[in-house]
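You will see chain A twice below: alongside chain B first, and alongside chain C after that.
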Partner chain A sequence: MTDDKDVLRDVWFGRIPTCFTLYQDEITEREAEPYYLLLPRISYLTLVTDKVKKHFQKVMRQEEVSEIWFEYEGTPLKWHYPIGLLFDLHASNTALPWSITVHFKNFPEKDLLHCHSKDVIEAHFMACIKEADALKHKSQVINEMQKKDHKQLWMGLQNDKFEQFWAINRKLMEYPPEDNGFRYIPFRIYQATTERPFIQKLFRPIASGGQLHTLGDLLKDVCPSAIIPEDAEQKTQVMIHGIEPMLETPIQWLSEHMSYPDNFLHISIIPRPTD
Partner chain B sequence: VSRSMAREEDFFLEEKRFKQCCEDFVKHSQQIGDGWEWRTSKDLGDGYLSKIHFQVRNRNIPPDLKEKNSDNTEQTLFAHVEEPLDDSQAAGVCSTEEVVRYEYHVLYSSSYQVPVLYFRACFLDGRPLTLDEIWGSVHASYQARLQEGPWDTITQQEHPILGQPFFVLHPCRTHEFISAVLGGSREHHRHTNYIILWLSTVGPVVGLNLPLSYAKLAHEQSANADSG
Partner chain C sequence: PIMRTKKWAVERTRTIQGLVDFIKKFLKLMASEQLFIYVNQSFAPSPDQEVGTLYECFGSDGKLVLHYCKTQAWG
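Coming up: the complex of A and B.
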C-alpha cells in the first residue's frame, strides 16, 4: 500500500527541464536571454509560465505583445494538454532541456484554443474531471461534491499542493465494494502522426468473467496498430508519464495511480528510437 | 399494451441509435434542401453531421455600449441579434450588417451518451469570432442562463475528430431539458428521432433553427411504427 502511494507522489512531482527561447522574429528593444524552468508534468503550460511571459515582456514594447503561445520544432503546443503529455508525445526521445519557442504574435487560430485568463484553464480542467467521473461513476461522485470541493481540486493543482488535491481526489478514485473497479476507464490515446487528435472509447476495466483487463487489452481493443504480437520487433513505445508500463498492468490500477489530475490516463504512442 | 414510464436510461442515446437518427435526419435534409450532410472519419469509421450556414447579423449597438475598453476579457454585448434576412432590413435604424459564416457539427459523446453541438463562426474576411462575441450573440432568451454560468454553457474546445478549435454547447445539461421534452411513455421514445428533438431545442441557442418539416419526420416514423 505504501508503494502505491509513492507512485501518486512520483507522478505529481515529475518535472521536465525546459529552455524557453523567444521567437527570432519578435520585435525586441534589446536581446532576449533564454529562460530556464522546471515544468510540472501534471500541469498546463499557460498555468505555470507567468514568469516566462514577464521575462520576455521586459525586452518588448507593449504594442508588440499579444496573447502568448508556445511552439516546439514548428508545432504549436496545445496548452490544454498536460505538459507531460506534450513532452512524451513530441520530445521524449530528444536531449534535455526541452527547447520551447515563445511567441507573442500571429496566434494560430486554427490550431490552438485561446487562453485569455486562468478561468479558461480552470473551466477546461473541471470539464475534464467531470467527464472522467461521468465515465467512472455516472457523475454521481462529482455531483455529490460541494462547490468548495471542486475549488479545492483546482487550487491544489494551481498551487502544487499534493495533499490538498488528493484529500478530494481520493473520492473520485473509489468504487462501490460490490464492484471491482470503475464503470468505464477515462483514457485518451495520442499519436502525433494522425489527424485525429486522440482516440477515446468506452472500455470496462473488468471483463464479464471478472478478470482485470490490462493495458495490453485496452490497446488491442481500441488501437490495435499500436502493438504488434510479442515475437515481432516493437516499432512503437506506449508511454505514460515518461515511462513504458508493462502491458500486463491492470488498467484499473493504472487509472487509479497514473491518471493526471484531470483523472484521465493520457497515453502516448510514439516511434521507438532506433539507436 | 401497458405504457411504462420512461427511465433515466431512455434519455441516453446509444451510438448505434445516434447514427440511425442522423441517417434519417440527413435523408430528410436532402429532401428539403436544408444542407446537412454526414461526414465519416477515414480511420475509425465514426462520424458527424455537418452544415454550413451564412447569417446576416444586424448589430444595433446603443451609443453608450460602443465605448468598450480593449480588455480581452470584457464582454462585448450585442443589444439585439436579429434572425436571418427578413428582419434585417428594418428601415431607419442605424446598424452595421455583417455576414457570419457558421459551421455546425453534431458529434456523439460516448462519455455522456448524448449528441453534442460543435460550431465555429467567422466573418467573411476569415476572422474568427471570439468567445466573447459568441457569448454576445446567444439568443436573448438564453442570456440569463448563459451569464449565470458561461463556463458551463459555451466554451472553446478541441474538435475530437478534426483536432481544431470549435465552440461547444456543453452536454452536461442535455438530460435536464431532454427529459422535460420527452417526458412520457417509453413506447413513444422508441420512435422519436432524438436528433430532431434535441437539435430543435439546443440549436436556437446558437443561431441554428430547424425548419418545421423535420417535425413531420418524427411524426411519420411514429405512425409507421405503430401501424407496423
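Coming up: the complex of A and C.
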C-alpha cells in the first residue's frame, strides 16, 4: 500500500513537457529555434523560465526586449497561477508537448500582473500561504514561525528542494488533536468557461456530526453545476494535478496531500473529452 | 495618511487593484507611490483578487475590514 508521503513526492515532482516558441511578430536578427523544457507543475512560469528568456533574447535586438510574457492559443497565461493549474485548465486533454508562445512586446495589462523580479513571485507565494493559514488555523501557525522558516518555504520551492520545503510545511498541515482537521479548507475552483476568475468560499472539512466531508460534498456545496449527481454521463472532469480524484475522497486528506506548495487546493473543472 | 470616510460599499467584483487605484486617488497619492492592502492584518491579497471573495471568506458583521499602508506591514 502506497504511503501517503509518496503522494507528496509525486505531487512535488510532477512535470509537464513544454515547447516554447517565439511569437512570429517579434523582431529577430536570426531564426528563433523553439526551446523545450520540463516545467514543474508546482512552480510558477516566471520562476522557471530564465533559460527560455536567455534563449530567445540571444536572437533579438536589445531594444526589442522588454518584460517576457506567455500565451497559449491566444490566452495570456497568468504567471501567478501555478503551472500545473494553467495546464490542467487550458491544455489538459491536448497532445504533448504543451506549446506555449513567448512574447516580449504588447504586454496585456488587463490580463496579466507584472513580474519585474523574483521578489514579486516570493511576495505572491508567501501571501497565498498566509491566506491559506488564515483559513486553516486563523493564521496561528504561520505567525508563530520565524522569518527564517518563511524563507525556507520559498527557498525550497525556488530550488526544488522537497525535504527543505516540507520540513516547515508539515507544520502548516497539522491541527490540534481535539479537532479532526483544519478550520476551513483553502481551495479555489477554476473553470475556463466562466467569467469569474475562481470560486473560493468557506468550507469546513468536518461535518457537525463528525463525518469527513468529501470532494463531492465540496463541489455540491460551492459549484453544483460541476457534477450531475445521478449516473448521467459526466460532461465535466474535476482535475487536480492532472488526475481526477474520486469524489468520495475526504477533502481534509486532499488538503493535506494534494495542495500546491502555496497550501491551496487548485481545482480545475474542464469539459470531458468526447472521444 | 488617514481617511475620514472609512466605510465604503463596493461591488463584489471590484478587485484589490481597483480599490488601490481608488484609495490612491482619494488620498491624492501619486500613481507611482506604493499602497499595500491587508486582510485581517495577516496577508496582502493579489491585485486581481475580487473583494466579494475576500468578504465571503474573511468578512464578519456584514463587512470586510482592510488595512492600507504605504509601506509593507504584515506581508
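FYI, the second predicted complex is superposed on the first by the 273 of 275 C-alpha atoms of A that agree within 3 Å, B and C clash if a C-alpha of one lies under 4 Å from a C-alpha of the other, contacts with A are read in each partner's own complex, and residues count from 1 in each chain.
The working rule: a contact is a pair of C-beta atoms (placed from the backbone, for glycine too) under 8 Å apart; a residue touches a chain by one contact, two chains touch by 3 or more.
Here the structure is a predicted model, which is why all the values come from computation and not from measurement.
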Clash or fit (per the criteria above) of chain B with chain C on chain A: clash
Chain B versus chain C as contact partner of A:127, first or second or both or neither: both
Partner with the higher number of touched chain A residues, chain C or chain B: B
Partner chain(s) touched by A:109 [first = chain B, second = chain C, both, neither]: first
Touching partner for A:137 - first (chain B), second (chain C), both, neither: neither
Chain B versus chain C as contact partner of A:200, first or second or both or neither: both
Which of chain B and chain C A:117 touches, first, second, both or neither: first
On chain A, positions contacted by chain B and by chain C: 80, 113, 123-124, 127, 130-131, 134-135, 196-198, 200-202
Contact set on chain C toward chain A in their complex: 13, 39-40, 42-48, 50, 53, 56-58, 75
Contact footprint of chain C on chain A as seen in their complex: 80, 113, 123-124, 126-128, 130-131, 133-135, 139, 142-143, 184, 196-198, 200-202
Residues of chain A touching chain B in the complex: 67, 78, 80, 109-114, 116-117, 119-120, 122-124, 127, 130-131, 134-135, 186, 194-202
Chain A-touching residues of chain B, taken from the complex the two chains share: 41, 43-44, 72-73, 110-112, 128, 130-131, 151, 155-165, 170, 172
